[in-house]
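In the two assemblies presented below, chain A is common to both, partnered first by chain B and then by chain C.
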Partner chain A sequence: MNDMRLTERATDMKEIKITAEGVDVFYGDAHAIKDVSVEIEDKTVTAFIGPSGCGKSTFLRCLNRMNDTIDIARIEGDILIDGEDIYHPKVDPVQLRAKVGMVFQKPNPFPKSIYDNIAYGPRIHGLAKTKADLDDIVERALRRGALWDEVKDRLQEPGTGLSGGQQQRLCIARAVATEPEVLLMDEPCSALDPIATAQVEELIDELRQNYSVVIVTHSMQQAARVSQKTAFFHLGILVEYGETGEIFTTPKDSRTESYITGRIG
Partner chain B sequence: MIDMSADGSAPAPAKNSLHAADERTRRRNAAEKRFRAYGVAAIVTGLLALVFLVYAILSNGLPAFQRTVVNIEFTMTQEQFDEAESALLKTRVYTDFFIGALTDSLETRGLDAEFDGGTVERLLGKVGGTLRSHYRENPGDIGQAISFELPASSRVDRYFKGTFTRESVGEGNRFMQPGDLDLVDALAEAGVIIQTFNWQFITGVDTGVDNPGGAGIGASVLGSFMMMIVVLVLSLPIGVAASIYLEEFAPKNWFTDLIEVNISNLAAVPSIVFGILGLAVFIQFMHLPQSAPLVGGLVLTLMTLPTIIISTRASLKSVPPSIRDAALAVGASKMQSVFHHVLPLAMPGILTGTIIGLAQALGETAPLLLIGMVGFVARYPETFLEGFEGPNSAMPAQIYNWASRSDAVFTEKAWGGIIILLIFLLSMNIIAILLRRKFERRW
Partner chain C sequence: MPVFWLVIIVLALAAAGYLLGRSRALQSAGGDSRNLHSQPNYYGSHVIMWVTVPAFGLMIVWLLAQPLLIDGRIAAQLPDTAVSEDTTLGLVMSDVRRVADGLDRAVGQGAMTEEQAGSVATELADLREQLAEVGVALGSNVSSDVLNAAQRYRDFKATGSLLMGIVVIALAIAGLILALLRTTNEFRARNVVERGVLTILMFAASIAILTTIGILLSLVFNTIEFFRLYSAWDFFFGLEWAPSFSGRGGASSLGVLPLLWGTFYISLIALLVSVPIGLFAAIYLSEYATPRVRAIAKPLLEVLAGIPTIVYGLFALLTVGPMLVSVFGQNTVGWMSGGTAVMTAGLVMGVMLIPFVSSLSDDIINAVPQAMRDGSYGLGATQSETIRQVILPAALPGIVGAILLAASRAIGETMIVVLGAGAAARLSLNPFEAMTTVTAKIVSQLTGDSDFASPEALVAFALGTTLFVLTLGLNVLALYIVRKYREQYE
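Right, the complex of A and B next:
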């Protein structure tokens, strides 16, 4: 995990999962994302870093159309997942979001039991035919969320009663329960203590086996620890995108260099 | 401040003892004490006003729950019945039998009293008629010893409650003569005249001005209840649906802003405006029956809707947006996120708002005056449907009606009605609190 020999990481090309081309996002008149083009790989952890307010969350929320819920948000350009335009009029955002899961900055479990938190997604998508199926799904999701051993004896207790780190892992488990292909995480550790952060980071590393993970973080150390690819945003512009090792050791852009050496942000 | 202590060259501030408060602190503490005193004074004033109110209501209203009755055992034989029924002045004969029985029962207790039909009528009202209708309706009681509780006249009742004194009896008073009160005292001594709980006040219907003692609030309680059913059935679903739409689905533009402003304005519109609107629309235009709880309920629904919408929207707003995001992010539709997650969390607030709105509507009088729900209601509706469309009154309107009659007993009934109304309002508020406790969940 704390492997800092960044340059020696595997750099073999993976399949492209998400393609963004010339994406602009406006909040009313404010231009939050300016002409961003990026290709995000499958089975890879991609980190979005940059000073706060640079548009990382905004861009992330474009990937599962959560920005649709903001009235004043307007998006231009194309975003393709597996080659399909997700802003095509025929696309139902509800279907999209089952395929692109999301974990938020602040853990936000439903005020229901742990079991119901996980089972909610599979239920509304009809993933389980029987109660036993559902039990299976819940167990599998909690195991993937590295939470099973801690909660298996108290599945009926409220999810809101867990500790912050456990809640966040519950939210990750909830997101993977619907069998998504992409997992978006918006600063998932910023509300957690260092131990919980380490647990979640370890989990993210494991999730890479099955998903394309995109994580927004303001911590460069975290980006260095968990990601294979890093994108550096500044004032709504994608300044630099590449192998995490290269970005951190030999940044091409002076702004990236200033940021990672602590001069901006 | 911080760098001063670190830097030796800066002038050291004068050392102050922590044990002696400095001037600023003293002034601040004094201001705080003053503010607390104001607060306590305000609360004490409020409490005093409340105590006075409760005292006034209870002392004036509680007598309405008591009534003075003449408790007497009476046997009517078949011959007496036949004799009375064949007489010309039937009730007169009944009265004579009653006088006989009363005299007998007094004599067995060692009391010698003189009275005639006039006295009995002054003390008890038209006893003959009461007896006659009882035996005609229950012929099986003939020949049996029946214990009657006959309500005493309003002046006798008030004599026992202290609002009618011997001084009030003037010579030539048609309703009461000086000797009557001696007789009343004797009867009370003998245990013939007693005070009992006035069930008739709770279950009874309104009576004419000649029988204030018999007036009850039951029918208007039913009228109020029917109106509340109409209000609840209409305003809860409409109000909640409107709020959910406005809060969760409607686009934010000048049109929805306009609607929003108008809903807030409607909540402040005087209720009599809704009353005249109801008169014009429901009665004159739609020709719904006058004085009907259905129409009253419709008018009160209009009045309650803004309250429900405002409180429902407030409780929807207070559900953290992160819950909506969480639901949307696992692929719930907007509607699923609202109905599965937001609405259950907003439920306690919605229910509380609804009950508060209902309580307001329950106490509303002005609109009812305009749609004619202040009439004289002398009977219960016969069917459930008639309860909605038949003429009826409502508690506050009945209270208003009684308060405007001249007999002091009606005034007492008005106060008693206030107590019943307050009991209803209090119970509704308690239900609201209990529901909120039950549904309240933490997140």
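Right, the complex of A and C next:
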């Protein structure tokens, strides 16, 4: 890790996209997230790091209400996106998830063609009026997913036939196709080999131009490579949150330091 | 020697062999089982294998072959006069067996001594009355030829079972000694025992396959016999089903098409009922139902599958038929003249198939990975959009397989059709008319009083073969589709 480069990162202030205040999450009796407050900036890559079971994925899934699909999950506290409470009764989680895209740990392309995988979201949300519109959206999404050149001649082949890295980029392109404002990524590279990981990381860095990206990762090197802000979770508590460069070079909390230097986790 | 005691003796030998084999193995290892190649139990099991398998194998073969051999010998020794003009050799032989059986019983109940049974002659005693007293009724007085034959039959049988007892026990002991001789600490008992177990498993599997082949062969031979008597062209393409009944004479029309049409029509209605209902039930159970509802509803639905089809048949005959008549019968629109109709049988069969379709589809829908659902929800799809556009397409091949399996059950179903669809073979489009199916006609052709060698009876085998080929084809297709689907996620 190049410490010099880390500290020289651009740290100019940006707009706040997501605000979480006093968030608690319970799975049945288990208290998974304890009083987490965080402000996530727009057009920034924010990394959540921490040992397994520390609640970073759980917190990520709160941001698009994916925890709603789990019966025993209960969420307290406020989460605001662009100043609007996403847990307000009048908010439809389905609409919210169109605005907050998500990419999962394991590539999960639908058993459909590459084209239909990308077109799935736009079709559901009625983003395209004509076939030509849809073709445009698919092409744009695949270009943003850095996959267009590899698949442009075989859009009708099944998405499950691609390699692991291509599948994950397909899933990212699929999430981008619905024009979200925030992209959540839950360990997007943990099922990929180093080359595919490098491609996806490069892609994440490009996506920063247009979206607020939140990424959960087990790899501290990855967090250091792709993110501008880093949050360290431990046992359901947000221990430290700040500039990636500072977290990795001059952590304020001893637990953060222990984790980063490999003494816990 | 009775077979029961023989089995007990061999089993006792086996138990003794187990202990002997174990201790001998331990002894050869100096009492420390770590010096053995295999665990001590394997040495014991190895001895059991050698004691029981050859002995019981021989016993089974002997028990199967002995009656055949004795019958052949006795029949050859019967004087020509014993078989008079109005009987056949087979009838005389069954008389011989009955008399021998009667003598056995008489001895068993103490009405005769063993010597009396061997020496009794028709001239000296009224054998028919004596046998009737012990519960064996004979149609006529016993002739001396038959009595002699019966006595010889008993002799042979007694000698035979004595011999069998000796040979089987000798074989068991030989096995015991041989196995014990092989037992040393170097001997690889585990490998031998495991290969033995494997052979038993393979034997069990091959019995199922061999039975299928046996059934198929019996069908095929009788079908060939039928086609010798009746033209295959008329059978497969005949538009009329009108068997003439025995005694009345006249040629029969045995065209299969009206029956196939009935089968197809009834199955179609059954599938039209069961597929939507079963599929919707499966979607509800797997996607919407809470775990508590699912835990109650799924077993309840599957109880339907356990109801014997004759009960469904009664339901069709007594409830659904009259109900349909009251709606579509003479008093209203006049489409339906009687309770038995394609519609009656089809509806009830559809109900029978609902749990079949729903249970299989439920399993298949559950097999669609959660990642697919998450992916779809993550893109802002609603639950119904997810089900319609992701889960059902992913599960479709499996669901098609389930439907094909249900179809092959519908085609093979008999009791509902016998009771609910009527007996008239007819080519008609009206679902409120009575029709009949291949299966129902197999029943009626074989249960009538027609001569078994006549085409009217043999046609049942041709029908059976047709049905077998049809359902086999559907099953193969269904399994192929289901398997192809399974490969996607594993």
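In this section, the second predicted complex is superposed on the first by the 261 of 265 C-alpha atoms of A that agree within 3 Å, B and C clash if a C-alpha of one lies under 4 Å from a C-alpha of the other, contacts with A are read in each partner's own complex, and residues count from 1 in each chain.
By definition in this document, contacts are C-beta pairs under 8 Å (C-beta built on N, C-alpha and C of every residue); 3 or more make two chains touch, one makes a residue touch a chain.
No experiment lies behind these values; they were computed from the predicted model shown.
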| item | value |
| --- | --- |
| Chain C versus chain B on the shared chain A, clash or fit after superposition | clash |
| Touching partner for A:46 - first (chain B), second (chain C), both, neither | neither |
| Partner chain in contact with A:178 - chain B first, chain C second, else both or neither | both |
| Which of chain B and chain C A:66 touches, first, second, both or neither | both |
| Chain B versus chain C as contact partner of A:197, first or second or both or neither | neither |
| Residues of chain A that lie at the interface with chain B and also at the interface with chain C | 64, 66, 69, 71, 94-95, 97-98, 101-104, 106, 108-111, 120-121, 124-125, 160, 171, 174-175, 178 |
| Parts of chain C lying in touch with chain A, wherever the complex brings them together | 290, 369, 371-382, 385, 389-390, 393-394, 488 |
| Footprint of chain B on chain A - complex, ascending | 64, 66, 69, 71, 94-95, 97-98, 101-104, 106, 108-111, 120-121, 124-125, 158, 160, 171, 174-175, 177-178 |
| Chain B residues touching chain A - in the complex, by the definition given at the top | 251-252, 320, 322-333, 336, 340-341, 345, 441-443 |
| Footprint of chain C on chain A - complex, ascending | 64, 66, 69, 71, 94-99, 101-104, 106, 108-112, 120-121, 124-125, 160, 171, 174-175, 178 |
